[in-house]
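In the two assemblies presented below, chain A is common to both, partnered first by chain B and then by chain C.
Up next, the complex of A and B:
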């Protein structure tokens, strides 16, 4: 058990180092950071929202978009580089199981995305804090109640985003385990992200009573097989109206994300075991 | 059987995760702006997928609103309405989008339609009136939707009251909106006055007087200068109702 854990950690470390050295990661990180930092300049385009809401939305958008692209492309790239360079053959010839290999790949990629989310969250927090101080000073002069943001809420949102990206990685790994080409894995992964983000439509429909048995069965199956990624997007509520979030909601979403990660990792391991390398 | 059992376990795990996710969603749903399947329909084909997917919702809503201005300048009724409704659906908590969509549909679109049909001289007066009313009704539907979602209800109620009175020519409905607006905190002074006058004109003179009087005593008397213009209106009502001096509002110390 200990040896197995060590092997998984070793693969995880190698994957992490390989990923952070990629120009693709650096490029998207810089792009995301630039988006967060420039959000204050773009607020002239805003219509009738609170300034902090607009800035927060820019940051959340950056995390969602670039995070999703990273999760899909980087996972597939790291997996297929091992296959195409034949390093997977060498690795799996040693006392390393396919499940350990897959787990190592997952944790390595997830750790990189953790770094990505953390850096963007810190930058977003700094930008929002800076603007909040200016708004506080202006509100004192005008006698208005200023908008405020919750740093704890931002931290909870970052955690939720990390788990959302974890779910995306496991889905892409399951696809990669069956796919023959990098392109197929990326396209399927991207479609899974879109489906996951829109899954709540089926989820909402399931929760409403309907008389069509076949339709409700289809929705029931769909809403369980495709993870609901929209449940991790409660940034506005967490950061700007933290009191409106029911207690335990974040823990439930994190738990749900964790559950999905385990389920898709099991599926990915099963598919990968049958794969010819 | 033995070979298929891991697959069964995987499927059970995914279904279990789905069930857990449903419980979590029930808790989280109220925190997410209420965009539903019905609200999604007008956004289809408007290039706002990114906003629906997550993040960027405010930003995409703003950009959609800017695009709707282009349609507004071209007087493209369908495009303008679709994009404005898309902006509302993307950010349903924003009062600005609902208010201006309601105004545009209720006031502008009927004029564009009349111009498209040949202008004010060529379109019969009856048809013009029908168009104004029909678009006003649509504008009010948007404002009613906005009242369900927006956090700032007061401007929407005042806007709906104006639209119902000026374009729909439905004084009873306008009065209802103004009454609702008048009782909200920070209500503008004119909301109560218009509400009372609309009721008065509808023949509910006694009711209108009693409500206006009560409103003046509770919301206006002790504020700023005591709203003397509204008191003048109340005195005029008392005169027309031929109330006895005892039934009238007691004379104020500062009253001329």
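Up next, the complex of A and C:
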């Protein structure tokens, strides 16, 4: 057990090192950071919402968009670089199980996305805190109290985003385990993200009574197989109105994310076990 | 004592295309590779050598047949722990240094944490890579890549070392260095399986050879046995004058023997090359 854990940690460590050295990671991190930092400049487009809410939504959008692209493309790239360059041949000829290899890949990629989410969350926190101070100073004169920014809520949001990206990574790994090409894995991974974002439609529909048994079954299966990625998007409520978020909502979302990660990792391991290297 | 590798009636079919056409890569192959020898697996491209090696290592599943490594079913953790593998044209993470790569492979191969540093230095030393060990792998030449690949294959002191085309694309000096490493492994009592189509090198380093063609085994035996022509003899003579030649031919003819050809002995181009560039290394 200890040896297995050590092997997984070594694969994770090398995967992490390989990922953080990629220009693609640096490029998307810079783009995401630029989007978060520039949110203050775009606050005039707040469409009547509070400024802090607009800044938060803008930052969350950047984190979601670039984080999803990173999770899909980087996971597939890190997996297929091992296959196409045949480093997997060298590694899997050693007493390293395929499950350990996959787990190492998963934790390495998830750790990189953890760094990504953490950096953008810190930047977003700094931007929101700075603007909040300005708004509070202005409020003292006008007497109108603006929405308050919650650092703890931001931390919870970062955790949820990290778990959401973890679910995406495991879906892409399951696709990679069966896919023959990088392009196929990326396209299927991107489609899975879109399906996950729209899953609530199936979940809503399954709650409504219908005469069509087949349709109901399809909706029920769909709503169970595809994780609801929308459940992680309670960012503005957490950061600006943390008191309005039901207690246990974050834990529920983290638990659901953890369940889907385990389920997709098991699926990936079962598929990868039969793959010919 | 069991063989290093025992292959019984191994068959591998690949399914190709939408219509799932069957392509037989290995056809009812049976082999016994004895321990402590250098064994050459030869054959043209596409004859099934690499597929056989991949099945032995558990990277590809066999359609039928049974394989054991050092008495253990192949693809088990125990079998892999006692096996080292250098793939054809190896590629490693370029950002790692040679020493980091070998340490990484030592950890994955189950070397005790307290012995990793010692095992890494021993493997680097045997592969003559100690001096270049701290350079990033991205800066290595082809010969150095093969040598660091060799080091990662032997770092856990395996009883069986499998080398797939270890000298492909390597110059004669580097090739000779790899040959010396193979001999060093044999001297330590290890079994080395060498998959190659460089026949000259196989002839120099191998004790036994098997030749495959179209997935089938066509010849197997000791190198000396399969190469020797028992009905022909070679004599090397100094200062042969025409008169001495005539006398020798007459004497041999009197005993029913016949001289069929007389030529000057040649050294190989490889020997000449190594003689001229002796001492050079591609470090």
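By our rule, the second predicted complex is superposed on the first by the 277 of 277 C-alpha atoms of A that agree within 3 Å, B and C clash if a C-alpha of one lies under 4 Å from a C-alpha of the other, contacts with A are read in each partner's own complex, and residues count from 1 in each chain.
Note that contacts are C-beta pairs under 8 Å (C-beta built on N, C-alpha and C of every residue); 3 or more make two chains touch, one makes a residue touch a chain.
Given the structure is predicted, the values throughout are model-derived calculations rather than measurements.
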Q. Just from the overlay, do chain B and chain C fit on chain A, or is there a clash?
A. fit
Q.
With both complexes superposed on chain A, which partner does A:61 reach: first (chain B), second (chain C), both or neither?
A. first
Q: Please state, to the nearest 10 degrees, the angle that the Cα centres of chain B and chain C subtend at the Cα centre of chain A after superposition.
A: 160
Q. Looking at the overlay, does A:253 come into contact with chain B only (first), chain C only (second), both, or neither?
A. first
Q) After superposition on the shared chain, which partner residues are touched by A:137: those of chain B (first), chain C (second), both, or neither? A) neither
Q. Is A:200 in contact with chain B, with chain C, with both, or with neither (first, second, both, neither)?
A. first
Q: Would you sort A:97 into first (chain B), second (chain C), both or neither based on which partner it touches?
A: second
Q: Decide which partner touches more residues of chain A, taking chain B and chain C as the two options.
A: B
Q. Of the partners chain B and chain C, which touch A:126 in the superposed model: first, second, both, neither?
A. neither
(Q) Please give the least Cα distance, whole angstrom, that chain B and chain C reach in the superposed model. (A) 15
Q: Take the contacts of chain A with chain B and those with chain C, and give the residues found in both.
A: none
Q) Taking the complex as given, what residues does chain C use to touch chain A? A) 54, 57-61, 77-78, 80-81, 83, 85-87, 89-93, 95-96, 104-105, 107-110, 149, 152
Q | Touching residues (chain side chain B, partner chain A) in the complex | A | 6-7, 9-10, 13-33, 36-37, 40, 49-50, 52-59, 62-63, 65-66, 91, 94-97
Q: Going by the contact rule at the top, pick out the chain A residues touching chain B in the complex.
A: 42, 45-49, 53-54, 57-58, 60-65, 194, 197-198, 200-201, 203-207, 223-225, 227-231, 233-238, 244-246, 248-249, 252-253, 255-256, 259-260, 262-264, 266-267, 270
Q: Note which residues of chain A are touching chain C in the complex, please.
A: 3, 6-7, 10-11, 14, 17-18, 21, 85-87, 89-97, 274, 276-277
